[in-house]
Amino acid sequence: MDRPGIIAENVGVRFGGFRALNRIDLEITPGNLHSIIGPNGAGKTTLFNVLTGRLQPSEGHVRLGVRDITRMAAHGRVHLGIARSFQVTNIFHNLTVAENIRLAVQAVRRAESWTFWRGVNPDLNVEEILAATGLQARAADRAGTLSHGAQRALEIGMALGSDPRYVFLDEPLAGVSIDDIHRIKNLIRSLTPRRTVVLIEHNMRVVLDISDRITVLAQGEAIAEGTPADIRANPLVRAAYLGASV
Amino acid sequence: MQGQVILFQLLNGIGIGMIYFLLSVGLTMIFGLMRFVNFAHGTLYLVGAYTAYSVSLLTGSMWWALAFGPLAAAVIALISERLILRHTYEMPHEAQILVTFALALIFQESIILIFDPLAKNVPVPSLLSGIVFIGSFVYPAYRLAVVFAAAVIAILLWFALERTRFGAALRAGSESTEMVSLLGINVQKVFMVAFLVGGGLAGLAGTLSAPLRGVEPFMGSEALGVAFVVVVVGGIGSFTGALLGGLLIGVVQSMASSLWPEGARLMIYGAMALVLLVRPAGLMGRS
Amino acid sequence: MNTFSAYRPFPDATTGALAIVLVALPFVLPSVTLASELVVFAVGALSCTFLLGLVGLLSFGQGLFFGIGAYGAALILLHSNSGSLVAVLAAAAMAAIAAAIVGFLSVRRRGIYFVMLTLAFAQMGYFAMLALKNVTGGENGLTGVPRPPIVADLGVLAHPQAVYAFLAAICFLAFVLTQRVASSPLGSVLRAIRENDIRADALGYDVRLFKIAALAFGGFLAGLAGAMHTIFLGLAPPNTIEPEMSERLVIMAIIGGTGSPMGALIGAGFYVLLADFLSTLWPRWLMIIAFLMIAIVLFLPNGLWGSAELLIGRWKSHRARAVSPEPVDG
Amino acid sequence: MNISRRTALLGGASLLASPMIARAQTNKVEVVGIYSLSGTFANVGDLLNKGTVMAFDHYKTAAGKQINYTLLDDQGDAGRAVRRVQEAMGQGVRHVVGCTNSAIALAVAKEVHARGGIYIHMAGADEATGSQCNKSSFRWPGASYTAIRATLEPFMQANPAAKRWYTITGQYVFGESLLTNAKAVMQEKGLTNLGNSYHALSEREYSGYITAAMATNPDVLAVLNFGNQTVDVVRQAVSFGLKRNVKIVVPWCTGLDQYQAWGSDIVEGVYFGTNYWHGVESPGNRVLSEVVRAKTNNATNYLQACGWAVAQMFVESANKAGSLDVPDLTRAMEGLTYEGPTGTETVRAADHQVIKNYYLMRGKARSAMRDADDFAEILQATKAFMSPEQAGCKMA
């Protein structure tokens, strides 16, 4: 496959005197499920924000294949096939579930988004995503009325709305009940290899189970990268992060 | 000769700027503390000025007015906060704007009812009614006194904000909203004090400027416009910002009245738009 | 919830209600000129209702665009022999362009900063009007503006009734257009931006560009109202561009409720009629308006029309429940 | 129209805005006044209106018919003024008086003319009886030309040594017009114009302009604006000690109310031009002063006199014509001579300007004041008016 990967080169982010990220080099291989792990405050979400365009790095570059996208805004990257979900549930609470998804689908159809002389297009591919996320029954409900687990599923559904090649999922399992974890885990795994998935997750069992590659961040630095087996075996990681939990 | 004019315009600008500072410091604190947009802030200036007028008419002395003007404004600020404004803290901006704007209208119309719509004169305190010679130029003693008084108050205020625990809470709170509750300080009390002090200072601004420009019922809304400019230029929630913003706007206005008089008013809004575009959070603001 | 942010079908019941109200107004009001003033301000308030209700933008600068529309129409009518309709549309287009420029400069800022910027631009516009007195007539305004037929020789605007019919037709179209936009794909994007602009950005919407477009449309509506004002009076007085105009339009919109375009009509009607009536009773009538404003904000946060809609909704569901044994909503 | 259906349709709203102007009755004449009781010019409108009300209360009838006066509050808004005039005239009203500012007067004058009414006002703009004059509109006070000629010329005669002048001017049409006239006079008399400072309409702080003026070392400072701005400029100029070696001239001043706003300490020694002074001995002023004294227990100020004068002109012309029809009234008005607030006043037919006295006054010391209102003495009364040709009035 000749799909380009997403590459971070020497990326650093400073907030005033605080170094949130320091000289990160990272390559996301197409078709992989690539997880980013690390203790709280390690800089995982900051890295996500840099890669998806919410934040511009203080130094370094972000490339999509050979194309430099360091300064490109988040909304622009969506049109290159880069979509994301948020750590804290970030949906349109007052709109219906179907409308949330529809807006995500519509976003990549520029002409449709500027259409003002007729009603919304019912043909947009909303049903499929509702089905994939298990939200068909709630399609007409206000998104704010969903359970936490269902809202997390909707988050992922919205990230999928633009039919992206790269999906960045920020802690999709946070606060999700045991029953839902399995379902969402399978949903995420099913996205590859058609799509490339970048995942931040604290649930180590899930991460080690489904990832193709794992990068470990600690205090803004990438301290290790490799397959789940490599990471499990890495003494540095064990000391810095995993501790006794594995 | 030209240099001397510039010097004098600078002096004038500082004088105006100091009054702008007093006018705005309460607005910026309340703004910062509660993200609350008080369109009724100009009213406190109006109340201060009319109290000065009434008191000096009754007692024949501007000195009593200096005490009562700020007091009346502070009391009115406190009452409106307790009775009406605190019910709007949870409301959207537009609701707050509408309520406070309505309050300003009510006070303005009340002033017209109680007094009349015409402008009134407030005499300068006799001790300061003279002029001071500076080289070949003269300068009104009262204006110098205003600059001096405002400077003293700025220093006192700075002391209160820097060196007392409560002041620290107030300052911290106005610069970052979450801080106050983190410090474990009664938020309600902080708000009340902010209104009381901020209102009193706006009232003092009105009192001090009454002998300079007289009083009339529409001076409140005019002051509000200036105060907004100062707050935005200085940076929301910043005490030093209000001081710098006030001085900057005062000096810009004063200088412009020599260089491009018809545009003096335009210039202060131009300065504000410029600051916002270049430094969106204001001179001293943190985004 | 009854807000602009809820999707409404197009056209809905209010479209028909609006048509009925516009036809009835000159008959129920004491004078046709009062009806004309009402529809002019309804369109002006609509620009605020649209921006605040649909996009969540509180613009304190709509008076600037109202003024540009008013002066633009007056200048076109004074210096060319175009018909009234062309003048109105061209003036509204000028206002839309100005609004896009102001929007470009101010949408980088959010929340209260945005409010302050629009306020500043409105003030600057007023001072610019005074400075350009050769064009604008300074504080005397532009007087003696002709009122040519609508298009070519058709639609002579000689009588106040004809003027009203013309203005009411524009008002109707402006409302219908706004409703159309609100229930279109573009409207759904604007609603999404109002709800959560960070999410809208992450979904791939260029939030700034959409906001600028929305401001341009808001400017178009305000400019349209200004141009209608010029047609209505045959003059463009300076207060059409005063900062007070901006305040007045915002007040009307909020009093009416920003949940639906109808709020603009109700708010404008309430303000215009009340001002007209109260000012004959007591010179300090503004105080009564101010008290009413406070009462509405504290007790009817959805505005007059929003609250009425809630009541109707409650009454309907109550009746439905009484008829059917099953509860209607879960 | 079916009343019950109407009421049912809009509930209270139709009642709310019910027409307050009764339909024409044969034994009555409807007159409306256009004043701002709210909005930016409320400070002026209220007193003007009171003057008009007192006049109509005093005269009671015009051409034998009872006068029914209605105030239309324009809220300081020319648009609203025109709208209310349209509405009133749509209900049959033909007689309109009053205005609070020039913009409103010019707009209303056009409207009243177009609808075949008669309009008597007190606008300050020269255009009102110049380029924008019309057959239906009449103006009572002297405008900027009069103010400058009747103030500066006698002042210059009395103070031949005062050669170096500085002006502070409001940057708006009226201020410009004062300045243009003042410059012409200075040029004619060969005086030095050291400079001028413009200030914006909304300005309140003048220390900058005053400093600029002081830097040029003038003999005379002329303050060319109106309303509260005049009050502020003079107050601040005096606070800068300008009175010590500079003569201050204020060609356009409203007299008593502004003197009261200043207080005698400021007024003393300053020169003012004004359209009216309550101390003037004349039959017309005696009547006016008695009525105002009886109603308010105070001396008459300019604004009340203005409001009175436009009402008086209406009554005098109606009585002379013996009719209330607009063409008759207009004919009677042109050339009308009557005992007005400033003495014998005449309405000039060519441009509908009232030819009347304008006063140059000088502030008195507190010790010289005979009563609390005796702020200043009249130095000279002049009738100085541009010729209709000069003004550019072509009657439409």
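Note that the chains are named A, B, C and D in the order they appear, and that numbering of residues resets to 1 at the start of each chain.
FYI, contacts are C-beta pairs under 8 Å (C-beta built on N, C-alpha and C of every residue); 3 or more make two chains touch, one makes a residue touch a chain.
Quantities reported herein were computed from a predicted structural model and do not represent experimental measurements.
Common neighbours of chain B and chain D under the contact rule above are C. When chain centres are taken as C-alpha averages, the shortest distance to the whole-protein C-alpha average belongs to C. Seen from the C-alpha centroid of chain B, the farthest chain centroid is that of A. Chain B and chain C have Cα centroids lying 33 Å from one another.
Between chain A and chain C, the centres computed from C-alpha atoms are 42 Å apart.
Computed centre separation for the pair chain A/chain D is 73 angstrom, with centres defined by C-alpha atoms.
If you average the Cα atoms of chain C and of chain D, the two centres end up 37 Å apart.
Touching of two or more other chains is recorded for residues 127, 284, 286 of chain C.
Residue positions of chain A with contacts to 2 or more other chains are absent. Shared contact sites, meaning residues of chain B that touch two or more other chains, fall at 112, 262-263, 265-266. Inter-chain contacts, as defined above, occur between A-C, B-C, B-D, C-D. Taken in their complex, chain C has these residues touching chain A: 1, 3, 5-7, 9-10, 180-181, 183-189, 191-192, 195-196, 198-207, 213. Across the interface of their complex, chain C is touched by residues 31, 35, 37, 84, 87-88, 91, 93-95, 97-99, 101-103, 105-106, 108-110, 112-113, 225, 228-229, 232, 236, 262-263, 265-266, 269-270, 272-273, 276-277, 280 of chain B. Touching chain D in their complex are the following residues of chain C: 24, 27-34, 36-37, 127, 130, 133, 138-141, 143-144, 160, 229, 232-235, 237-240, 244, 269, 273-277, 279-280, 283-286.
Put simply, chain B touches chain D in their complex at residues 1, 4-5, 8-9, 12-13, 15-16, 112, 116-121, 123-124, 131, 137-140, 142-143, 212-214, 216-219, 222, 253-258, 261-266. For chain A in complex with chain C, the touching residues are 52, 54, 73-76, 78-79, 83-84, 86, 90-95, 99, 102-104, 106-108, 112-121, 158, 161-162.
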